[in-house]
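Each of the two complexes below includes chain A, the first together with chain B, the second together with chain C.
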Partner chain A sequence: MSIVITVPDDLWEGDSEGVITAWLVNDGAEVAQGDLVAEVMVEKAQYEIEAPSTGVLSITKQEDEVVEKGETIASLES
Partner chain B sequence: MTTTTSAGTRKLTIARAMAEATAQEMRNDPRVFVMGEDIGPLGGVFGNTRGLYDEFGPERVRDTPISETAFIGAAVGAASDGMRPIVELMFVDFFGVCMDAIYNLMAKNTYFSGGKVKVPMVLMTSTGGGYSDAGQHSQCLYGTFAHLPGMKVVAPSNAYDAKGLMTAAIHDDNPVVFMYHKSLQGMGWLGTEKGATVPVPEESYTLEIGKAAVVREGHDVTLVSLAAGVHHCLRAAQALEDEGFSAEVVDLRSLVPLDRETLRASVAKTGRLIVVDEDYHSFGVSGEIIASVVEHDHACLKAAPRRVAYPDIPIPFAPTMEQWALPNADKIVDAFHQMMLS
Partner chain C sequence: MTISPTADKAGWTLQRPTVEAGLALDEALLESICQGESWFGLVAWSPSDRALVMPRRHERVAGFPEARRILRDMGWPILFRATGGTPVPQSSAVVNVALALRCQVGSSAAHLEWGYRRLGEPWCEWLAELGVADADLGSVAGAYCDGRFNVRIAGRKLVGTAQRWRRVRGSRDMAMLAHGAMQVGDTPESLVDVVNAYQAAVDDPQRFEAASHISLRQALPDLDLDAALPKLLERLANA
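Entry: the complex of A and B
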């Protein structure tokens, strides 16, 4: 089963774009639900992205890429 | 929040590594507490106290007014009375207003009391530029603190070292100045250096203060640096490899005590020395490194040592001027070329 990781709609206020500053887990690693997997910077503030379920991480949006709310940045295969 | 992935896969920024080490020590030892400006609910402007306020509350994670004189003085008093404070000077550039507490009290109380009073505190402070914050928010000042006796000084280049050095600093009965470079913190707007975000074990561990690391082995030249400069050296070493030269990179990690043995052993092997330092050129770390090698043995050198350091000027605000002044990999490669020509 594949579950996508998206930028949560309520992660920050307003409609600003963000930038992925760090993937804290390597592509292909297994993560557990609730793990911190990435950091997104929006206007000098850092926001955390957690894994919505347990699975093997497949990154689609790389570090330094611009992201919007709701956008898919990775998927988890379980 | 932590990540529970299998060992070796979880990476942390230096900011998170510092916060994790601090949290683990605060759980173990009720004497450990944190003070500073915006280190509470905000989690520190550089992220290194994130999560601490939520877990430990306002008694042990204390936001202070903008009076470094008062709260660093208070930390010295608390440490002298048996507590183990971690106190943050937000930008090292502002040491001027609290230097008496640092170098006349923190650094000297142990000596003046004949060892009866210990001062087990950590003074953590941000260093470095590269993001146009001008001359009062971009300095490194490594040499200023390392010059004055009575305090240990560390400056990590990656999150693994940062966690181990932070834990060691909190355990240490001596005052430790923990200098973290802003570009390594994992805060994007400060010009994040990717190489600083590395796998970090979740369990607590210490890294011995005063031990340098050979982070890349080579035999043609020794590149010595600390903090952000290590990453410039690693890029330069890669560029030199493409030209057919093999550069060794030494990460000092600590300035006090300085691991002169590792330095000397590396230069004895390569015969050439380039010191890279984002602190000012004159009267500082780069001169001390070169002196430490040549006063021990100048016969091992095949060429005069060189340094790639910050010019002796106040740091410019204009991005082009600041980038012109900062050390970088191209300047290191150029210094090596000049060394081979002379």
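Entry: the complex of A and C
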């Protein structure tokens, strides 16, 4: 089963873009639900993103890539 | 949004740590919210030394190691901070105020703009109380680490603001840290020159302008900051 990891869609108003500033876990690593996996910056705010479930991380958006709210940045295979 | 009135006022006196220790104060404040130990906190500090502080992602910029050496030789070692933005000089000419809150996801409070207004609007009210008629929030062309929610005086940047958000342990609630860095002394040139030296060292053509910044001393030359600062913290606590 695949669970996607997304940028929150209710964190900011308007259409400002964010950027992935760090992946805290390597691509292909196994993570547990609640583990911090990434940081996104938008409007000078750093937002930590957690794993929504346990699984093997597959990163689809790399560090320094621009992201929009609600966008999928990775998936977890369990 | 619920805010407990149990903020620790002992932390409201202006502390004089090193920059590194001051950044650790911010982190400890956020962590106290994340651990569920409190719902609200404030910390105010002004560095006893100096450093150029930026998010860690700048470490990936080409030329960063050489820039770090150049800035260190200038007496401005580079340190990393947990909030967003771009390089900001920290010295005894800067007063930092960090506000941390527990926010319930799904409430109107749980977004960035709210967080910036929660920090910036009481700051503007404090300035008005001190006699500054034209303080507001907004961006400033030509300012370093610019954003949409600087505290401005007459359109010039006085306070730079940034945030960090983290999940509260064992809860859907979020912890927000909103940080303001206010230039209180020295001239804007003295700090802008440091950022421009970094820009040159990493071969970034963007340069910043002293005229886009203002220090509190320029706006209020006769202000007794030690006497006035507690009133800012009270406003931030009671907003």
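As a working rule, the second predicted complex is superposed on the first by the 75 of 78 C-alpha atoms of A that agree within 3 Å, B and C clash if a C-alpha of one lies under 4 Å from a C-alpha of the other, contacts with A are read in each partner's own complex, and residues count from 1 in each chain.
One rule holds for everything that comes next: a contact is a pair of C-beta atoms (placed from the backbone, for glycine too) under 8 Å apart; a residue touches a chain by one contact, two chains touch by 3 or more.
The structure displayed is predicted, hence computed values, not measured ones.
Peer 1: After the superposition on A, what does A:Glu63 contact: first (chain B), second (chain C), both or neither?
Peer 2: Both chain B and chain C are touched by A:Glu63.
Peer 1: After lining up the shared chain so the two structures overlap, which partner does A:Thr21 touch, if you call chain B first and chain C second: first, second, both or neither?
Peer 2: After superposition on chain A, A:Thr21 lies in contact with both partners, chain B and chain C.
Peer 1: Please work out whether A:Val31 is in contact with chain B alone, chain C alone, both, or neither, and reply first, second, both or neither.
Peer 2: After superposing on A, A:Val31 lies in contact with chain B but is clear of chain C.
Peer 1: A:Val4 contacts which: chain B (first), chain C (second), both, neither?
Peer 2: Once the two structures are laid over each other on A, A:Val4 reaches no partner at all.
Peer 1: In the overlaid three-chain picture, which partner chain does A:Gln46 touch, first (chain B) or second (chain C), both, or neither?
Peer 2: Touch partners of A:Gln46: chain B and chain C.
Peer 1: Please report the chain A residues shared by its interface with chain B and its interface with chain C.
Peer 2: Of chain A, residues 21-22, 34, 41, 44, 46, 48, 50, 63 contact chain B in one complex and chain C in the other.
Peer 1: In the complex formed with chain C, which residues of chain A make contact?
Peer 2: 10-13, 21-22, 34, 41-48, 50, 63-64
Peer 1: Can you tell me which positions in chain A touch chain B when the two form their complex?
Peer 2: Spelled out, the residues of chain A in touch with chain B are 19, 21-26, 29-32, 34-37, 39, 41, 44, 46, 48, 50, 63.
Peer 1: Okay, in this complex, where on chain B does chain A touch?
Peer 2: Touching chain A from chain B are residues 1-6, 9-13, 47, 186-189, 192, 194, 197.
Peer 1: Considering the complex alone, what residue numbers of chain C touch chain A?
Peer 2: 55-57, 60, 82-85, 106, 110-113, 115-116, 145, 147-149, 161-167
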